[in-house]
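Worksheet: the structure to be examined is printed underneath.
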């Protein structure tokens, strides 16, 4: 029996669509890990293509088929090939891929060197047409920030809090997620750690209080490092403090094209 | 034309169901406010009844009709009437109602007395059968906590953070949401505020550092006050710290029936 | 006692920041309602300004003070005044304001005309500098979509599902949220309703099955109407189906500047 | 230098605490897979112990150390050992462990047998004291449901939607997650699939329309199977429909101790 291909029908409205595809599918993927080679994790994935004005719809199942083809090899270096496969298989001019996943790094406590695993949410997004390839790499890094104002005006202590820094970059030459994470952690009052014994807690508290930072300072510190980085051509960094003295957040955002 | 009433059909599986109803409907409601009389807000509501073994289904649209009947009068004092109406209109033995909503209180900064509005997420849930009525009142209160361990071992500062305390109570006599909120705020290192000018920030920082509290301290401080409270017969309190030195949270939970 | 103004210190890094401010504050606001005049609701608000390179930080408490000034009058028509007040009070060149809130409209069931209240999440964002004002108005509208492919190939039924359509517009002359909502609801297989009695459920089911729509159809139907709309100068519309045959969503996105 | 052990101080309030520990930590774990042996995934973990009245606090870092000890062996069969380790290392009477993680199964399309990976969110929680061990196993399964009422009263089609079924069980003898998932999928109008080609979509649509199910039917169908299951001693099942004709959900909940 022949089943009608409704999607391939002519569409009389003649409006092309920027992005059509699937959103929010979860999938096991492998990510290249600077230290250990390959890391297994679970990604949330969006896949879109453009739709020319003459067609009624996209064949959504083909996105899943492409995921299945690349399953164990969804590395950053393969993104252009996945995008090309999407363009080919869906007869599209532009393909878009967005992947986010938890990524774990071994982290040692600063004094006792007790090891543990720290999670960072990471992002990769790619768009590709015949002429152009655009890749953005991103990390979300939890940090500690001590408030410079509170410290300057108080006789005891200073309010501090967990902050979340989101950094996205475009690059000339490949940059490791590990390097982006290091840049962010060096830009806050202190990194955070899963495992801190008492001597570590003392160290982190004191270290952070010697480096008080507003959200403004955090994005500038990240910016300063990236403006100097030879492989980065664009970045966008936001810092959001879960303020300990408020129920709302403090926020700063900095974006730059270098050239 | 007569439309078939599928829900009223006999169900041969003979399994009664504990709760059937609607979940996650958003609705504008009015809440009695200790200071100003009535406060307009937006609630998320769940409504369930039991379903006897002999019926195939519940008539879901009747829940919405009941909401519409009580619309401007969804006060705590009306909960028993709403529950009775549910039991009657849906021919049920037991009715359940869960309401959560943001609630705003005027809050003055501790030194400058600059006023602002502070949001607290509140909960009311009720269950009623022929013989029994059970009402639980709850608040979620953001607070500030300073770590006693970090303070004791560090030479400068102490890590502190935003925490969230959730308190639920059963009572003999009506208790205001305002009173529950006050009890929680007094049990932490400090309340948090939407608006703090510099002298206020200095005051809050110093006040909090003079009252360091673990999550364990916070639930015990709340517990101590409620064990002494003549109108409370049960409580459950949890404290969750958005730890500034970790990406995970510290948590404590305390529950007691008094008698 | 004089408290040091750390924020006003000179910053030697000389990096200006695009946006600095507060994020995620919840606040009771009033919104102009086409039918009833004024509607009380609860908003989530972000407020940002740019920060010149020479200053270390922004005075975050001033954002809250501005919210307090405008509290009962956070109407769309007041957005430019709020933005100007932000620029003035924070000595900034550009101010940004983002507001999202649940908005309720009376909705009648299509046959029985049983009335109920339907919630729509709405958005307003504004940015203003000396030279430019940019306002975007948005709505998120839940709809029903019946799959044209499933209907064409199946001998019985067709899969259908709840979808969420997000529409944002820029305009020459003020457009009511109500009008945007109507445009979206007319573009799907059917609107959804809080309250449907049996004759209404029959009507909605049949109505929707006579108007099968892919996500691609939904964004094109919205697009077609807005391309013809004299007051709209830009729009971005996304349709996301909570597919009933998959655990992931189908998605389409269409954006246009007109002329 | 000796650092003060604040947590071990005597607490004069003399209130024991039900649960103290860490919440929301993310961690890579391995899960036993019925078909393939071992599956790598990422879990969110909560770990609590009770705190006797005489101690001021718990040593939170020890939870992380225990996680690290068991890292590659967080299997269901190891839960009692992890709980004992928690009791020992934290000098506690009762230990609690809650783990949730995405779990992937190969799923073939019903006609073309095209393979793909389907994600199920799974839960394991355990509590252990000297005398008692309590383990609960759970799965959340997306399904498709066709409304029996809409089908009976409409001349064309029937509204249907994605539903989410959450099943938790206590057991006498070990039960595979795969078996729980199969029971749920057989109890709905149809399973959902990541990948369906046109003949599959036709099949699923028709299959589901021949098995219309309310949320009430779904929990009863699951209940019927579990009441007959020799290894299950308790279950709680909820079904929640993302109704395609409403913006709110339909919900049913059924819980039973067998004996």
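In this document, chain identifiers A, B, C and D correspond to the written order of the chains, with residue numbering beginning at 1 in each.
One rule holds for everything that comes next: a contact is a pair of C-beta atoms (placed from the backbone, for glycine too) under 8 Å apart; a residue touches a chain by one contact, two chains touch by 3 or more.
Because the structure is a prediction, the values reported are computed rather than measured.
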Farthest chain relative to chain C (centres taken as mean CA coordinates): D
Contact-richer chain pair [A-D vs B-D]: B-D
Centre distance in Å when chain A and chain D are each reduced to the mean of their C-alpha atoms: 28
Distance from chain D to chain B - Cα centre to Cα centre, in angstrom: 25
Per-residue overlap in chain B, given as positions that touch at least 2 other chains: 3, 25-26, 119, 149, 153, 194, 196, 198, 202, 247-248
Partner chain A, residues of chain C touching it in the complex: 3-4, 6-7, 11, 13, 15, 17-26, 46, 48, 51, 56-58, 60, 148-149, 152-153, 214-217, 219-221, 223-224, 227, 240, 247-255
Touch list for chain A against partner chain D, complex: 3, 5, 25-28, 40-42, 61, 64-65, 67-68, 71, 102, 104, 114-117, 119, 194-199, 202
Chain A - residues contacting chain B, complex: 118-119, 142, 144-146, 149-151, 153-162, 190, 192-194, 196, 198, 201-202, 204-206, 208-210, 242-248
